[in-house]
Amino acid sequence: MTETIVKIDLSKSAYENDMIHNRWHPDIPMVATVKPGDDFIMECYDWTGGQIENNDSADDVRDVDLTQVHFLSGPVGVEGAEPGDLLVVDILDIGTFEESNWGFNGFFSKNNGGGFLTEHFPDAQKSIWDFNGMFTKSRHIPGVEFAGLIHPGLIGCLPSKEMLDTWNEREKGLYDTNPDRVPALATLPYADTAHMGRMSGDAAKEAAAEGARTVPPREHGGNCDIKDLSRGSKIYFPVYVDGGGLSVGDLHFSQGDGEITFCGAIEMAGWIHLRVNLVKGGMEKYGVKNPIFKPSPITPKYDDYIIFEGISVDEYGEQHYLDVHVAYRQACLNAIEFLTKFGYTKAQSYAILGCAPVQGHISGVVDIPNACATLWLPNDIFDIDLNPTADGPMVQVENTVDVPLSKDKE
Amino acid sequence: MTETIVKIDLSKSAYENDMIHNRWHPDIPMVATVKPGDDFIMECYDWTGGQIENNDSADDVRDVDLTQVHFLSGPVGVEGAEPGDLLVVDILDIGTFEESNWGFNGFFSKNNGGGFLTEHFPDAQKSIWDFNGMFTKSRHIPGVEFAGLIHPGLIGCLPSKEMLDTWNEREKGLYDTNPDRVPALATLPYADTAHMGRMSGDAAKEAAAEGARTVPPREHGGNCDIKDLSRGSKIYFPVYVDGGGLSVGDLHFSQGDGEITFCGAIEMAGWIHLRVNLVKGGMEKYGVKNPIFKPSPITPKYDDYIIFEGISVDEYGEQHYLDVHVAYRQACLNAIEFLTKFGYTKAQSYAILGCAPVQGHISGVVDIPNACATLWLPNDIFDIDLNPTADGPMVQVENTVDVPLSKDKE
Amino acid sequence: MTETIVKIDLSKSAYENDMIHNRWHPDIPMVATVKPGDDFIMECYDWTGGQIENNDSADDVRDVDLTQVHFLSGPVGVEGAEPGDLLVVDILDIGTFEESNWGFNGFFSKNNGGGFLTEHFPDAQKSIWDFNGMFTKSRHIPGVEFAGLIHPGLIGCLPSKEMLDTWNEREKGLYDTNPDRVPALATLPYADTAHMGRMSGDAAKEAAAEGARTVPPREHGGNCDIKDLSRGSKIYFPVYVDGGGLSVGDLHFSQGDGEITFCGAIEMAGWIHLRVNLVKGGMEKYGVKNPIFKPSPITPKYDDYIIFEGISVDEYGEQHYLDVHVAYRQACLNAIEFLTKFGYTKAQSYAILGCAPVQGHISGVVDIPNACATLWLPNDIFDIDLNPTADGPMVQVENTVDVPLSKDKE
Amino acid sequence: MTETIVKIDLSKSAYENDMIHNRWHPDIPMVATVKPGDDFIMECYDWTGGQIENNDSADDVRDVDLTQVHFLSGPVGVEGAEPGDLLVVDILDIGTFEESNWGFNGFFSKNNGGGFLTEHFPDAQKSIWDFNGMFTKSRHIPGVEFAGLIHPGLIGCLPSKEMLDTWNEREKGLYDTNPDRVPALATLPYADTAHMGRMSGDAAKEAAAEGARTVPPREHGGNCDIKDLSRGSKIYFPVYVDGGGLSVGDLHFSQGDGEITFCGAIEMAGWIHLRVNLVKGGMEKYGVKNPIFKPSPITPKYDDYIIFEGISVDEYGEQHYLDVHVAYRQACLNAIEFLTKFGYTKAQSYAILGCAPVQGHISGVVDIPNACATLWLPNDIFDIDLNPTADGPMVQVENTVDVPLSKDKE
């Protein structure tokens, strides 16, 4: 029987669990040590540590404390792992808790988090997704059901002190170019809400003051939010400290490329079953700076796509130079507009793009001045058929609900 | 027997063929008119109109006249097409000429075109790819062979005058922010090398002076370089002028997402077999601004990928804000570094990423400040196995050649 | 929280559980009634009811009591279901028990069960497969690991009395043509080991005397052993009695087309999560006699196949007339011979074909006198590469074990 | 430019072309010799040598002379090929002639050929399929269009004299068990219509008297009618004579598993582009008796299937013992019945199953006494949606035609 290294109690605060941490720092102690070839299970809080509830109000999304995220399980040490190695991680399985068989998606308020389309969706909104075995649907979005491409949004090894310093320096540099920006340009260390795992006393305080926030993906992987790191995939992580120190969290039942809604994918608490191995000296052997991975042999196959193009002219007509971010935003806005023709609200459409296994492709990045990006929307997740016909959309989704919205407090 | 509307003679200049044009303008006369439901064939020059030859020198890539591109076949009018309609185009087939069964890929000199990684590959280089039925390989890059995901890099309808003006205005605006930049920020109208199809006299001169260059993708589609617009796909194009005016060119035997080498994909002359239909008033019915499309049921299936991550910290350590362009560049550089461990040169590796059916995914665009992009490299196109092992790369490709390079003239 | 309708205790005999039955009869009482749209869970014994153990001896396979199989969970009634309807069943999920994370595969003795290749493998053999999340491997077969295409081998609705009589009559007719044959031509009713669920007294005895054995697939589906009825699939079952009466069992972690080893797939105890709906009068509306189904959107994708052909000339050179059974047997024997060249024993090879997601295609059935069948062996489930090369098989699997064998008792 | 080794003239009889033959015999002279690594093109007659015409009468199907089939192009010798080797054949491409862009499918009269469902379709019928690039549709079957999974129905090397004798002996043996059967149990040598390629005089006469008919698949491959031997696949053929002697013909634009209509797939004239290599001594090295192959990386992907089950109880209620042939026939009959509910005639439905890329799986072959087979019908090839709904089939295909039928002459 596979050992569960990290256990959690959803009824208690993540801060009370010393096998959880929410900052990156090389000195966070290992919660356990395993051998190459071992497999084990870790339970994980949802990324907010339970701040968002299964109800029909978006108040909790509006009022979320983003300085707390993400609550990670670990770190786990691996015998023999040394800086320069590759830690090979097989994601053997991911699951939910029987008593918590749901997840959430939301858009943050522009004033507290924002998101990819925050100019168009400035208020907090939330949808709840129920899990039925490997499928999910939301009471806030009718006519959509799909199989989850389940994956961890965040996984990686502890940074070395040197790497940590590099992170802090470069992100501080960016932040300082416009410190008053909302949303901020970067999330800097913030000790007040830091959870440093098994560290305590002054050491914990000092580490908290410099511990990197978990928000961005970095050299070690971390919060990549790559939907294809799904169960069944095999990942090769760079190792920076002795033992590696593998931590994981931010489990997603499903997500579209880009995680455009930011809050986030379909976010869930749950457990993950991993197996670890080593490639000694693998960073040099394979020239690896960022993680590399192999996709899973078992992923939902929704092959009937409707594909939307976007170019790097923004929705206000402004011309950008080879900006894929702008191009993808246009493709997303085009898909949202399309979905409204079938009876969906814009918020529902946006939520679908954030939750369903949509693909975002970088299609052209050299044809100056316009980048071209494509968004692939799977037709088969809808009860109705979205294929264009000569007569226009004949069938509309039966829609009497919308994604709950909570205005900012005055 | 399907009618071939546009015929070309590869031994003659594209300028001598009045069914070819290389600028976008609403007044370019239709070369033929077809009915909804009709299918027809158009022959196409390669995008440069034959400037690049099947030899082992990159001089022609270095010296290319980029003001001439792209040579397009058409425009073809469709009976009943009116502004606001969607022109439905089925790509029934694409093929090569028996006497021209090869294509080219190259990197432009930084001083004459540049490209995605021009800082790393500042000199002109070229690889020649031979076609063996549906497969291709290059004498300049050993150990790689794959099936072509054949597609037109450029296809779309004529713009209206109003749209043309919008294009010119916004691109000029960007250009003017840094007119001395090399490469330029945008390609502006340039009458000297314009080919306005069947226009002549003063009308042609006036149109040439304002005709939009064909380089960037725009609202009508155009030079999207989307590898998935492959034979078998179905595309819905916005119509802006009476008759639609469908033009096509820039055929690619294969291309990776991003067309990162710029010159370009595997570029070829050939023919394309199309069928057209209409969705009257479709732009409004489906809320369409840019083209939408359905992928082909028949595409090369290389499902065993090695996936590289990149984040928006550039190769010099600089932090960028959610910049997918930078992130994808890092993923590409990571893949190139990886391939060198198996015996490929960096230039060969770069060429492979530009030519083979690699995927570029937008993986995370909200985790401030780092965007995350992934590059999916298909393992099965290589004679050797690229999967990482504990022992490191044991087998090297047998490599005695490289991609020809031509230094800029002093 | 989804209700678990049928619970089992692996430490107790299936005969003690009145929500289990091992014969088909219209009078078996429903163990619960659900509404259309409901989802629910049923726990299931392995098909033998625990006769086979996790050890390294095939004695239990040799001595199995096949008159007991299969132990099914149910039947479940569905409100409103009437004869002539279609019962729509979504397989939402399937899983194992934490305390029973393994399965078995075996070949029966020719004198007690036999199998597809029993002439070549006349003795009882057994392999044990451990489950690691969604993957499995066997300590008796090195160098093979794959993701499970998990599915119920047996699922369907209760027959009507009329249908039951038809079954008994036609199978008895066949049996009587050669009643002494070993293995028997058909499995006839056998009251001694019958478990009639909640029936008791004389009614149970009478029903047991005529209850159809569960071995063959029939009009209602039943023991189809179709690997593609996997989790995520949607099945339309004919309804023959009021309430339908859906029963299920014989869960497989994985299986190759044909379930050629008979004992069987990778057999396991576990649970299945189902959702039911109705198409009233669906048998007539859609002309349905046998079940129809839609495959799952989420199945293991092993696309790199090596394909073996077989024709209907048997291994002794005898010519058969368009016999697909013989042709598929040749394809299987060809695959086994091939695998021995890489270091596998014949028994290991046979077990792989029975357990892994191999495909069996009916390729030609009209080219008299030879049928042609193909067996598709997925290359990616092996640690080594099976692709033929000019040099022959260079790498052998490291093999120090074999599938345990138990000779028949004298 | 690739050499075309065998050229044909569709306006002339295949008998006039000495690079064509229609019997298997070791002494048929090579029409050309190539080296390992070479690629080349061969043009091919349709399998009947032009007996079937593009019109709306099935008279030619009814009156076909089946003793003439199949007209093969070749044999081609390969330098260095010796008995015991494997001849590796890459199918680089397959295409049609511009002046012959159509194919035919038909059912033979029960009295002249028959077929899989000849009891249900005893009369000759024919449908004509037009090719539009890589797609096809028939004027006799509305609402269906699909991409061709183009492949040779027949390809293989010359038999040795010893193998030829084996073939003749075993097929004669079967034939003699019921020599009066219609259709016959086997097709025996028949000199009158034999075309022995470049043989002449007495040698040709003698060879014709013993030359094996091309109808059945055999050890060398031959008329396997495997739809997955499509362009892009790689096949390893046993070699029996010096030089190998590779012949090919019976090109199919598309076919369903089983080629159940017998006349046949979508049959066409065309050309095939091949590349050859050798594995010296490969038969022993890899234990190969029948050909093995790797599927193509580029095949039509119709993944939305409706799957029909069949068991080995025939349509008259008779019980057969593990007979996959019977089971597949039931699955086919079930699919035909289903299609009639959407407005198709039975003959149209049968033709669809013979022509479209349907899959036939051997699903269970051990659950005595019933084999189970499944037929996978791709939903996406139909204009209408075949998915069952609670309301029954709401949309019918608009159908004013049928497959032409010609009664047997009195």
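Letters A, B, C and D name the chains as they come in the text, with residue numbers starting at 1 for each one.
In this section, a residue touches a chain if its C-beta (ideal position, glycine included) is under 8 Å from a C-beta of that chain, and two chains touch if they have at least 3 such contacts.
Which chain is which protein? Per UniProt: A, B, C, D = Acetamidase/formamidase family protein.
In this text the structure is predicted, and so the values were computed from the model without any measurement.
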A student comparing B-C to A-B should find more C-beta pairs in contact for A-B
Rotation angle for the CA superposition of chain A on chain C, to the nearest 5°?
-> 180
Chain located farthest away, centre of chain D as origin (C-alpha) = A
Across the interface between the identical copies chain C and chain D, with over half of residue numbers shared counting as same and under half as different, the residues used are same
At what distance in angstrom does the C-alpha mean of chain C lie from that of chain A?
-> 39
Between chain A and chain B, what's the gap in Å when you average each chain's C-alpha atoms?
-> 32
Give, as an integer number of Å, the spacing between the C-alpha centres of chain C and chain B.
-> 51
So which stretches of chain D touch two or more other chains?
-> 301, 304, 380
Of all residues in chain B, which touch chain C in the complex?
-> 301, 303-304, 380, 385
In the complex, the residues of chain A that touch chain B are 86, 88, 115-116, 166, 170-171, 173-174, 183-187, 215-219, 221, 223-228, 236, 257-262, 264, 277-282, 285-295, 304-311, 313, 317-325, 328, 330-331, 334, 337-338, 340-341, 359-374, 376, 387-390, 392-393
Can you check the complex and tell me which residues of chain A touch chain C?
-> 1-2, 39, 90-93, 98-99, 101, 132-135, 146-147, 231-232, 273, 275, 296-302, 380
